[in-house]
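Below: a set of structures, written as structure tokens.
Consider the two complexes below, in which subunit A is the common component and subunit B and subunit C are the respective partners.
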Partner chain A sequence: MKSVLFILILIASHNLQAQKYFTRTGNIVFSSHAPMEEIEAVNNKATSIFDVQTGAIEWAVLIKAFEFKKALMQTHFNENYMESSKMPKATFKGKIENISTLNLEKDGDYQVNVSGKLTIHGVTREVQTTATFTVKDKQVSAVSELRVLVADYKIEIPKLVRDNIAKEVQINIIAQYEVLS
Partner chain B sequence: MSRNKTILLLSIGIIICGGIFYGYQMYNAPVATLKNVKSDITIQASDLLKLYKENESTANTAYLDKIIAVTGEIDKVESQDGISIYLKTEDPLSQVICQLDNSYTQIDYSSGDNITIKGLCTGYLMDVILVNSTIIN
Partner chain C sequence: MRHLHLTILFIYFAFSISAQDEDLLSLLGASPDETDYTIASFKTTRIINLHSIENVAGGVLDVKISHRFGLINGGISELFGIDQATIRIGVDYGLSDRFMIGFGRSSFEKTYDGFLKFKIFRQSTGKNEIPITASLLASTTIKTTPFQNPDRENLFSSRLYYTYQILLGRKFSENLSFQLSPTLVHRNLVKTRSENNNVLALGLGTRIKLNKRTSFNVEYVYALPDQLAPGFRNSLSLGFDIETGGHVFQLHFSNSTSMIEKGFVAETTGNWGDGDIHFGFNISRVFTLKDN
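Now for the complex of A and B:
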């Protein structure tokens, strides 16, 4: 009888554990390091959700919400390169491969492998990266970095500014997740 | 060198320098505040979200990249990476988020206040997001 009760409590406590975490204030920084110019744009309103059980993870970001220091760069980014009126979002849908190593009940840093489909400028490509999840006092955060080739996503850079924009751009991601209730 | 030729060369020099200076200023100009820009559309926060949820593509055609004056009740004010004001809608899970421009370091509004904010509509994820926003009243 005692063992049955123990199993029931175990099942109940397992079900009570949060399964999905999300954020709507994900921070994405896009950087281009070219010989002629350093370019950086920040977006603080990306959304992300991940499922602790399955490892499924998704990100979405509005292209027009990237903010640049220079107005002209922001205009060119939206109108000439990203065509954000036609393709207003970039998305990532993938999986945390080794989700079983992530223990959200125990403080610590957990490095995980992430793979999935990244869609930018209407072009979808398979990508792989690593991410570090940090658990501290039941708060869950994650950081990751991606490097993407501009040409892979059919983003055309005019000859005149080719020395101003790197062929490979860096995307840094930070998220403070909350339990999805 | 004749006096006229000197004046001509000086004038050309001044024009070229002025052009370079103007070009440099234009190239480095920061994103302008919307404080003195007239809004294209005025709408309630609930209506804006509803239109996006009904048909995102149609709503984008009408509102994306437009300067919108949106009115609603403040759900919360967030001061992480600048100030963002979340406006309530009829959907408890979705809001209209107005990210204020960098000139705002603190505001005298809080949850429950009614407010009208003008901002650039960037589209819809879980919420409708306005950036470079400025408080009207």
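Now for the complex of A and C:
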């Protein structure tokens, strides 16, 4: 009897530990502000998951799912800059440092620090940023932003268009998480 | 009993540790299967003279300015043909991502041309797998040079030429695209009895990408046997596409003077072997009139 109880407790605690949140409709906006041109692209199909216990967080973003206002820009983005047929995804694998401050049972805004490995265009680099988790009526959402140097990820900007594409692009992230059951 | 507890505990922690290592995203399973349409099989809507399987996107205007210079075998006195040029100025517009229209005016034979091009289906992978892209092209040409024989009764319809083409293309890899274009050119009036009113031909085109922004293109229009009168030849062109943002520069060599189907498919006379080669270029500049 004692054993059964013991195992039950273990299973229960395992389930508790396994509490994870995910989204498949993460919103990523990438924008470049250059003297000659403003470029913005939106992706509503990013996937993310995080583990409440360990703070581990991951993102996967399909490059082809970025939508531009100008069709030709979208083609060039995929073909010339991101080479999305060779490297279809950008990923992030990291950790929410102070996950313990996040109380998903209580409404409120929670500032957290996130750090980890960001892979774009086949190049992996360590990045750090802050994110705000918002809990409201048991709904968990998060916003964050990143600034990324294009050259860091071996994405070449030809001299001819260097006034059209910023050296540093901004990435804004919004996610509405759901409990993974 | 205690041993059993310890064993379970041990297995449990071993499992937990291994669980830490696993890919969190894999817990979500495979992402939903979507159709992934192949893009950028060619840099622009023309291979050289032939239409490619590419369309301009909906709401995009593509202004094309094309030149064919004189014959290279004109020698230094003609600066290898550069002294004379024929020009086509044209605009293409995408009514949707799959349906485009275009108009142009060529100085050669003072011709106006207009066309419709529709993508029937697109090469794709994923949920819907289609190995090729297929398009239809229909074009009409009005030649406005004075009639050869002004004394007889000349009808306006005698100025008209029609071309129908099926474009079948496949992007085999990032660097290699290939296209077949079965073609019918109809001419309401031909100069001599030996020329057919209908000419059947097969266009072949390929693109080899040299780097991200440059490609090498070849196209050959093979007229089926007994379609062309003696003296007319198949059109062969080769050249480079250079893309710089919103512009595409196409620089090429061709034995055809005309830049429209009825001309280069059915009325090419130049012979590569004799050096009857034109240097030429197409410049394409796109303007997005309506956002995606």
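The rule is short, and it goes like this: the second predicted complex is superposed on the first by the 163 of 181 C-alpha atoms of A that agree within 3 Å, B and C clash if a C-alpha of one lies under 4 Å from a C-alpha of the other, contacts with A are read in each partner's own complex, and residues count from 1 in each chain.
One rule holds in what follows: contacts are C-beta pairs under 8 Å (C-beta built on N, C-alpha and C of every residue); 3 or more make two chains touch, one makes a residue touch a chain.
The structure displayed is predicted, hence computed values, not measured ones.
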Overlay on subunit A: subunit C relative to subunit B, clash or fit: clash
Touched partner set for A:Thr54, first subunit B, second subunit C, both or neither: second
Partner chain(s) touched by A:Asn80 [first = subunit B, second = subunit C, both, neither]: second
First (subunit B), second (subunit C), both or neither touched by A:Leu160: second
Touching partner for A:Leu104 - first (subunit B), second (subunit C), both, neither: neither
First, second, both or neither for A:Asn27, with subunit B first and subunit C second: first
Touched partner set for A:Asn44, first subunit B, second subunit C, both or neither: first
Partner touching more residues of subunit A, whether subunit B or subunit C: C
Contact residues of subunit A, present in both the subunit B and the subunit C interface: 24, 47, 60, 62, 64, 67-72, 74, 85
Contact set on subunit B toward subunit A in their complex: 26-32, 60, 64-65, 78, 80-82, 84, 97, 99, 120, 122-127, 129, 131-132
Subunit A-facing residues of subunit C, complex: 1, 4-5, 8-9, 12, 16, 19-20, 23-25, 27-28, 31-32, 36, 39-40, 57-60, 97, 174, 212-213, 243-246, 286, 288, 291-292
Parts of subunit A lying in touch with subunit C, wherever the complex brings them together: 2-3, 6-7, 10, 14, 17-18, 20, 22, 24, 47, 49-51, 54, 56-58, 60, 62, 64, 67-72, 74-76, 78-80, 83, 85-86, 158, 160-161, 164, 180
Partner subunit B, residues of subunit A touching it in the complex: 24-25, 27, 42, 44-47, 60-65, 67-72, 74, 85, 88-89
